[in-house]
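Common to both upcoming complexes is chain A, partnered first by chain B, then by chain C.
Showing the complex of A and B:
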């Protein structure tokens, strides 16, 4: 009897979770529009995951304060995918099938976006990533968009930079994640094309912090520049620190994940002179992005990794909302509208989507750590 | 030579954590799956005291260790003591729960960006052609000092004799008037202190980030299983051994033709060695004859 009661209770709980009559897509519906968010809220990559969710929250709050979309408020449902594909798939399935979201913002790690893309594609729901950069995302699907430039472009930009400095012998350590492998492939190809050589090219388990023995080996190798290809700032910082501790003075170049405001503080002079090729920074004195940065710092304190990541996430939500304002929440209609959506003026640049859903108009910047601060050295326009 | 130093650095860290754990596992027979998180908490508290509160480093370290002791005490009373006498696998579940709670707390309190206790570059010196920083020498020396003082307590004091008696045969020790419950508490707390020293070590030598917890736990267990249950020295030697294998795997060409094993297999190769070893000597490297599984 007791068992029966438990089962009955369980059934009631279950039905109250899922049994809600799914809101039919009526034009006059006043229910909130649901945006699903997928990103690394915990784990090694949580620094930029939390920046992204906070940026997205600011966008949603602003729109809600302005009255929402055609009178409908917006709610955001965040799911943690911990920078792994498996968790991103479950998150996407939960968001689409249980929460019945209208659109997904995410994932943030490339691995998340690549894994969640087929799920969204099958459900005909637009999925928009703020900071994923893997070249594979270009062909991940029709409903897949991103506001971050593809690493295919980064390879070319880095190759140009190495060329201009006369660097031909390149050493690199990569973490075994979708993002890093994307960068690794792009760099290997572009190096081969420009006549350079990969003299050291190792792949390590994600999250590795002890690079000493690899660095010991590297020390006996003649190389011009070391490329830090890490998935997060904590691992990339460890690479730089342990390399400098062994007395190697070669130039170090990092990618987007090294673009971290905390690294300069934590690593101090170890980071001095390290170059980072990433998207531009956004400071409180920026004429366009300044107000956003101030709002962000007021609400959430200093960004964990980069205010630019938060701004990208913020703008990706604004673009989605802009499109929903025009064509409603129907997936295919939104997709078509996004492809035809050109020249959206934003605080991070002009956002236009090409025929693959990749963004045009977000430039790269070469930055350098000087006295613990990241200083922009050069702006590199793309396309 | 550099590789041996690298192994010493990595091994000292592992030995600190595994040493305390092996005592806990040997005497109480319980698995503490929240160990890695206790390690991190020790490091984070020290970071907080030293960087945020600007308290001198030595006092911060004491603060971190003290907090580690308190956390271990709390863990023992709430998550271990009520359960382990009923079945020694119950704390396995409760401490997994605790590890999740602590993981969440670390994220909430300390946020996800990396933290370093000593900021900036370390002063490096050259010894026998290997480069090592003064901080790392201090850390290795400190580890050895701590382990030696543990050894002294274990082998030359009455408390140590009691602990060894409880390890060998808890019932017999009880019948001779040793209050093993008190000893259990003491051992658990000292393992917590050693764990926080491990966290401080990480915070000084590398940087702290919230996800380190579980891998630390796994490595410490690998060391104590390889070392043999309840064998303090076995665990410590195996911690150094695993670290050495890990460094050698990526540091010297082991594959034919002067090729290196890909660095991604670093940890797998080390654990594979342990597995092969245990097949031939399942009681561990230094088995104690009075094993009761």
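Showing the complex of A and C:
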């Protein structure tokens, strides 16, 4: 028990290591505005959590360099939710009740956002996710917003594209993650609605790299297009490569995770002609997003998952700051302002929120791998 | 205050399941490494029933029956298998059950989880829910202390210390193991019933190995088999885990550094108790 007492002492010391006592900020207008960040900073999903926090940090640094909000600087307090609901609740409770943050940026995994939402809702604090895509978030609460399009829209966009090409027989392999299952569900529904048929619809464990058995089966099936529904570019790239190895020349379409800077160079010939339905790309030469990409790369090197995730996180912070500039940091006032916040011009598109807090105005683009580069070929209408 | 109410809930919520598992693993020296398997079945049983019928009583009952059934299988395995084989098979069963939960998408929604778990109207505030959970946790500690000193407690200890001798004086291993596993099933169902209402989302990510590792760590750090020791370990390690969020760590290092520090502390805690990890057979 004496040893446990030592742990107790250590725990108490750690617990006392707060940056500042809770509840002492607010009335003094010189105190920094606090933005809480919730995301997966460790674990399997840490790659996009890392991109998101780095994007958010760039936004905060820029605003602070511009003088902050009415002279108040902005600080960001990051909490690791490890892509789990339990940790997201702990993180939200700590950010809201101890750090007294004015707003929360997060979660990033949909499960994080859905778990943290009731906590933010009860405290009347706005919570805005940069990359959560689950359709469930649409009904998560009045204070819940996101700048990433719902998977429901992605399904509609893909169905429109397949329809325009006359594709009726769809083959798909999905990783068993919440993101991919969300996509799988909407694709299956959209395909059925448009009179198409899922002729091959397989689910694999997350992180699977060997698809040769499934591809051998797929080879005997008559299909128009193969949809790569992967959680990461490495698994999606493996699907494409192994399909091409077996000589299948059918069209391949991937989702956001194939929107990878390095995939065309690493996988080479196999990626040629592969199409990707994603949000528009950001590159260093892009007139709007270029400066952000350059700044991000200089500070943090290449994105771990996607520069676009970092850009979305960056813009989610900028939108929040824009609203705080107008109505201050009161939660209900921010919520109301966000619902009426239309046409915010950002590097990722024009951001408007619908009556559910879902973003409108982030377009989808169809891209294609050409000579190792991912080139935008057309915009896909969402309706 | 709400954060401390939250910590109170987290600590109280660990207690019934972890102290019950401590009866099996700590006191009985039975290598049951599949407690998360029971947690998954019980939680999904509760949430699916609750979402489809709206009856909290029925949901609890279904969760309990599911937990008892899988616990009966675990108890049967504990009698049939050698300790090392039991450890491996219970781990495998955890993975198998998790895979079923993730892949049976028509029932469980798979990796999407089940959001929007309703709450009893009495638990509309976190404070009420947390205080109720704390009262349940205290009652469970009292129950565990009673059990520890009871005939059952002595019999499970005797089986752990010298199985052959214990059997020779009429102690039934299957009966004792069944009781121990059923107690865990009840504790886990209570935990699942409260935690699902608290989180309002059931997600498979919450049943991965880190949760099980936290079980084992608390039981080892608190002294396997000791009710008060494990309770204290739950309290301190939870405070420590959450306390790390308060360390002045640069934003970019928050997650990894917390994880490393916690990992080192857990290693030290387990190292202290390394002699009690494996059962010592008493020589007669």
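We take it that the second predicted complex is superposed on the first by the 326 of 383 C-alpha atoms of A that agree within 3 Å, B and C clash if a C-alpha of one lies under 4 Å from a C-alpha of the other, contacts with A are read in each partner's own complex, and residues count from 1 in each chain.
The definition used in the following text is that contacts are C-beta pairs under 8 Å (C-beta built on N, C-alpha and C of every residue); 3 or more make two chains touch, one makes a residue touch a chain.
It should be emphasised that the depicted structure is a prediction, and the values quoted were computed from it without experimental measurement.
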Considering only the touch criterion stated at the top, classify A:233 as touching first (chain B), second (chain C), both, or neither. first
Considering only touches as defined above, state whether A:209 meets chain B (first), chain C (second), both or neither. first
Tell me the contact category for A:176 with respect to chain B and chain C: first, second, both or neither. both
Could you tell me if A:268 is touching chain B, chain C, both of them or neither one (first, second, both, neither)? first
Using the touch criterion from the header, give the chain among chain B and chain C with more contacted residues in chain A. C
So, A:114: does it touch chain B (first), chain C (second), both, or neither? second
Which holds for A:329: it touches chain B only (first), chain C only (second), both, or neither? neither
Output check: A:46 vs chain B and chain C. Expected answer is one of first, second, both, neither. What do you get? both
In the superposed arrangement, which partner chain does A:136 touch: chain B (first), chain C (second), both, or neither? second
Please identify the positions on chain A that touch both chain B and chain C, taking each partner from its own complex. 42, 46, 49, 176, 203
Chain C contacts chain A in the complex at 1-3, 6, 10, 102-103, 105, 109-113, 115-116, 126, 195, 198-201, 203, 205-206, 208, 210, 221-222, 229, 232-233, 236-237, 239-240, 242-248, 251-252, 254-256, 258-259, 265, 269, 272
Contact set on chain B toward chain A in their complex: 2-3, 6, 9-10, 103-104, 107, 111-116, 119-122, 124, 131, 133, 202, 206-207, 209-212, 215, 246-248, 250-251, 260, 262-264, 266-267
For chain A, which residues count as touching chain C in their complex? 1, 3-4, 7-8, 10-12, 14-19, 22, 37, 40-42, 46, 49, 53-54, 57, 76-80, 82-86, 89-91, 93-94, 96-98, 109-111, 114-115, 118, 122-123, 134, 136, 139-140, 176-178, 180-182, 185, 203
List of chain A residues in touch with chain B within their complex: 42-44, 46-47, 49-50, 173, 176, 202-205, 207-210, 212-214, 216-217, 219, 232-234, 237-238, 241, 244-247, 260, 262-263, 265-270, 304-305
